[in-house]
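Two complexes follow with chain A in common, the first pairing it with chain B and the second with chain C.
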Partner chain A sequence: MLHGLTLGSMYALVAAGLALMLGVARLINFAHGEFFMLGAYVFWFGYSELGLPYPVAALLAPAVMVAFGIAYQRTVIRAILPRSWHVQLIATLATSIVLTNLAIIVLGTQPKEVPTALSSRILDVAGLRVAWQRLLVLAASLAIFWGLHWFVGRTRTGRAMRAMSQNREACAVVGVDVQWTAMVTFAISAALAAIAAALVSPLFNIFPDMGTTLTLKAFAAVVAGGFGYVNGAIAASFLIGLTEALAGSYISYAYKDAIAFVIMIAVLLWRPQGLFGRRIGI
Partner chain B sequence: MRLALTLATLLLMAVSAGAQATPPIRIGFASAMSGPAAITGEGVRWGATLAVEEINAKGGVMGRKLEAFFADNKAQPGEAVSAVRKLVDVDQVDVIIGQTHSGACLGAMPVVKELGVPMVIEACSHPQIRALSGKGGNEWTFRVALDDEIMAYTFARYMARQGVKSSSILAMNNDFGRGAADAYDAAFKKANVKLLSTEFFDPGQPDYRPVLTRLKRANPEAILAVILASDGAPFMRQFRELGLTQRVFSRGSLGSAEFLYQVRDNPKIGDGVIEASYWITGLDPEWDKKWTERYKVPPRIHGSLAAITLKWAVVPALEIALKKHGKADRQTIRAALEEVDVKDSPLGPIKFDANHQAWINMILIEIRDGQLRILEKLPTSPALLN
Partner chain C sequence: MRRVGWLVLGVAILAAPWLVAAVVPRQQRYVLHVLIFTALFAALALSYDLVVGHVGSLSLGHPAFFGVGAYTAAILATQARWSFLTDVFAAGLAAAVVAALVGVPLFRLAEHAFAVGTLGLALVASVVANNWVQVTRGPLCITGIPKPALGPLAVATLPAFYWLALAALIVVVSLYQGLTTFRLGRAFHAVRDNEPLAASAGIDPLKYRLLAFTIAAGLAGAVGALYVHYLSVMCPEEMTVALTVNLLVIVFLGGVGSLRGVLVGAVLFTALPEVLRLAPTWRLVIYGGLLLLVVIRSPGGIESLLRRASR
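Right after this comes the complex of A and B.
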């Protein structure tokens, strides 16, 4: 269960960013898993190469990825946003491939391990053994989801994001700074992916291909959660994480991904509008 | 003046003709250069580059320089076909070394036969490769690496001698892992080791806790892990995190310098692991030194195997082809490979049998105090299959 929640937290942080982009910009960013991968490498660089303390390295990753998200929005996304969905699909997929291969060339293929004090320390409660890092992942994720909820609901930019997710043209007419709001959305999405990376990297390996499957799972969560509805994507991510963990533990580890995706398909057959049944809108 | 010009022209023609007579021998290397298994291809590229430079620095093979070409098989059978076609059609190689991954090897075998190019396999250990090579029908495929059918019975008997009465298998969900799982299933029966469960995982998994939970429930005395170093590091960390106490026996590269490098913050995490292999750092200290100086990481198994295959199987074949026939085309190299008889490669003797299988040494490696040590070095022979 705890393992499923850890996985779910990782998927949810990535899926929330994907849902934000979809809601605000009406675009599926298939390079989003690579934001996670780059965030993980930035964290590794800060923690292992520069010797920064864990909290500092964990904050460095989103800081750098905010800049990357803004650059990505101003270059790739701006150029493709007015084009058809085919162009958007190809462009974001191409970005994903380019980033993965750049990572192979520049950073090498040797997986990076970033064990921290918390990932090595084990909490043992009546035979239930769990690394403290997993508890940190859960606690930090919950705090971030609360912060995201507050930001989108209570701040001026957050409200602009919600408005844009409902009617972009009307927002432009009434004076909402559409470009600024889109840029903030990409910055937040990139930061969320990087935070996820900094939280789970001490538990897992860092390698150039790590974002590819993650994008698919996050996308499945976005679809199952209601296509662009952030809270739905978060809930669906936890559902995928728990399904994977339980299927892997009790049915078959080899086919846990397949089982999770079959359940997602079943959910969509039952509720084509997604678990939380909304039109696009964050 | 006219005489001088004529002499100069003749000299130029002679030099040009000489150059044309000794073009480099083109060696193709196919491995996973991208995708989740890209670490193996990077190692092959490094090892091949180093070995070719080493051979060329000594004057090449009977005066002919070697030139290396690379192709990416992404560890996939379909991509392996494209990799072979690229090496043959575009790079026009004379011989291929590869494909590192069993699935890719099995995918490439029909196409090397169709195109008529010899392929010397450095690492794929699926038992089916031996059955299909040489008298098995594919005369273009040769294998230096041992397969799991060859090693399984010896390793299973070793486990039984260590007091292991029951085991589970955890294997990669690909041709390598599934081939090994089948081989050990049969070998455990022969060695009276009870197989309690078999689990498969996709390479590159972030989290092994669910499968470790399953293994804990099965409660075997030992786990046979068919796993590479890149996956082995998170696996062993989570194995310790969950507090499992089973003995770990492995195939792949868990008992390797690659693994220890990856867990260098706590190399003792692998203590107690016993690996069945045919390569380990230390077999060729000079090679280890050159590799480490050049790439700043310990020698990788697949890159080192590619280099050994080149130096102790392909180069001797090229020498035979050039000495006997004065040429090194694909057909001549193929025939010469059947005559290779090297007694003292770092892996042991290399001589291909009727199935084009070399019977190199098998090594049992133990990790103790964060260090690798050889427990046993065993010669192999077809008798091991009985």
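Right after this comes the complex of A and C.
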């Protein structure tokens, strides 16, 4: 159960970034899982290789990935934004493949483990044994979702993001800085993925091609939760994480990766607009 | 003059085994192997282009149908001892049936979501191939798939297999042309170019998309069957996402929705890496970069360059 919540938090952080990009920039970023993968390696490098303390290494990952996200938006995304969705999809898929295989070449396929003090410390409550790290994942994710909600609802840039998700042209007309807002969106998305990576890396192995599966599951959550609707994506992520954990322990571990898609297809057959969705908009 | 050029090209392609033997006698086997791969990949890419290029649905699930066909043929040939032609036919049929079944829910997804859904399908298929050990033998692979035989005629040598692959390619090319030129082709293009308009003119988009998807899957399954009969072994690695990338590179590098473009793409794609002798991971990095460059700089691929040159 708690394992499912951990998985759900991870998927939700990644899916929220994906939904944000889709909502604001109308863009499906197939390289989003690679943000997570790179974030995890940055964290590994900071924590294991440089010997930084956990909080510092955990903040280093989003810091580096924000820079990477902005660079990605400046180069690849700007070139493809005016193009058809075919081109956008293939371009981001190509980026994902380049990043994955570069990671394989540079870092090798050997999985890396980053156990921290919190991942081995166990909290024992009435026979229920829980690693502290899992509690940290949950608490931090909830705090971040709350922060994201506040940012999008209350700040000037956040409101600009919501406005852009409704009508880009109108935003440009009334003087919203469209480029700046898009850049902030990418920075936030990349940071969310990197934070997720820094939070769960102590619990799971890190390997170069973990991004692809994660992108797909996050997509399944975004699609099931209502296209581009952030809260829906978060809710659907937890649903997928919990189902996966339960199916993994009671039905079949080997087929757990297929669960997300079964859920997605089932939801879409029942409600084509997604669980909570009406139209695109954050 | 042009006609003579085409005739020479056609004869050269038909006589390739002898030409290769005459020009590079030492590497005859290797060159023929590359040529066979080129023909099979060209056929597979053409089947893929039926969906991507002609009805405009970006499917990323083609490896699943290739895999269904390949495994069907592998199992029927090794365990039930079916003859070559019947198992190729059964492989195509199995892949088409699977496509028709999954196509109904998948086509409820619009544009991006369809791409994601089909990619998910490919992923699920490869998970199943790895884990359904009783049937697919998982990572142990199905081995000992017999060489094809057409009645009493055994296709055991490389030149013979080359002609078989070429014949298969010709069949796929004629099907591709037939499906995309006449009334049906016009309906496909109408659905691709303007879906609401097509629907209002009485062309049911779902019906035509599903039709193209099913036919493409059937062809992919049949090519998969040929492929395993050639390699005589089928492993789950043959149907990973990497295959989708290869197909995307061939189709988009060559030219979406164009017979000539896809054929040129397939030749370039299979010949280039052999010439460059790259490690597989570097190969994917380069393909990814190339794909990125092509879709950003010239979405029409090589075909658009050829058109410009001939004008």
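Everything that follows uses one rule, which is that the second predicted complex is superposed on the first by the 280 of 282 C-alpha atoms of A that agree within 3 Å, B and C clash if a C-alpha of one lies under 4 Å from a C-alpha of the other, contacts with A are read in each partner's own complex, and residues count from 1 in each chain.
Here is the rule we go by: a contact is a pair of C-beta atoms (placed from the backbone, for glycine too) under 8 Å apart; a residue touches a chain by one contact, two chains touch by 3 or more.
This is a predicted model, so every value here is computed, not measured.
Novice: If chain A is used to align the two complexes, do chain B and chain C fit next to each other or clash?
Specialist: Clash.
Novice: Name the contact category of A:210: first (chain B only), second (chain C only), both, or neither.
Specialist: Only chain B; A:210 stays clear of chain C.
Novice: Would you check which partner chain A:200 touches, where first means chain B only, second means chain C only, and both and neither mean what they say?
Specialist: first
Novice: Kindly classify A:83 by the partners it touches after superposition: chain B alone (first), chain C alone (second), both, or neither?
Specialist: In the superposition, A:83 touches chain C alone.
Novice: Report for A:219: first if it touches chain B alone, second if chain C alone, otherwise both or neither.
Specialist: second
Novice: Counting only touches as set out at the top, which of chain B and chain C does A:104 meet: first, second, both, neither?
Specialist: In the superposed model, A:104 contacts both chain B and chain C.
Novice: Examine A:265 and indicate which partner it touches, taking first as chain B and second as chain C; both and neither are also allowed.
Specialist: second
Novice: Quick one: is A:95 in contact with chain B, with chain C, with both, or with neither? Answer first, second, both or neither.
Specialist: second
Novice: In the superposed model, only one of 43-51, 97-105, 133-141 or 259-267 in chain C has C-alpha atoms clashing with chain B. Which one?
Specialist: For chain C, the clashing option is 133-141.
Novice: Enumerate the residues of chain A that count as touching chain B in its complex and touching chain C in the other.
Specialist: 100-101, 104, 213, 254, 257
Novice: Which bits of chain A are touching chain B when the two form their complex?
Specialist: Residues 3, 6-7, 10, 100-101, 104, 108-111, 113, 115, 119-120, 122, 124, 129-131, 200, 203-205, 207-210, 213, 244-245, 247-250, 253-254, 256-257 of chain A touch chain B in their complex.
Novice: Under the stated contact criterion, what part of chain A meets chain C in this complex?
Specialist: Residues in contact with chain C: 28, 76, 79-80, 83, 85-87, 89-91, 93-98, 100-102, 104-105, 212-213, 216, 219-220, 223, 227, 254-255, 257-258, 260-261, 264-265, 268-269, 272.
Novice: Considering only the defined contacts, which chain B positions touch chain A in the complex?
Specialist: Touching chain A from chain B are residues 34-36, 38-39, 41-42, 173, 199-202, 204, 206-207, 209-211, 213-214, 230-231, 233-234, 237, 241-243, 261-263, 265-266, 297.
Novice: Which residues of chain C touch chain A once you look at their complex with the stated criterion?
Specialist: Chain C reaches chain A through residues 56, 58, 60, 105-106, 108-109, 111-113, 115-117, 119-121, 123-124, 127-128, 130-131, 241, 245, 248, 252, 281-282, 284-285, 287-289, 291-292, 295-296, 299.
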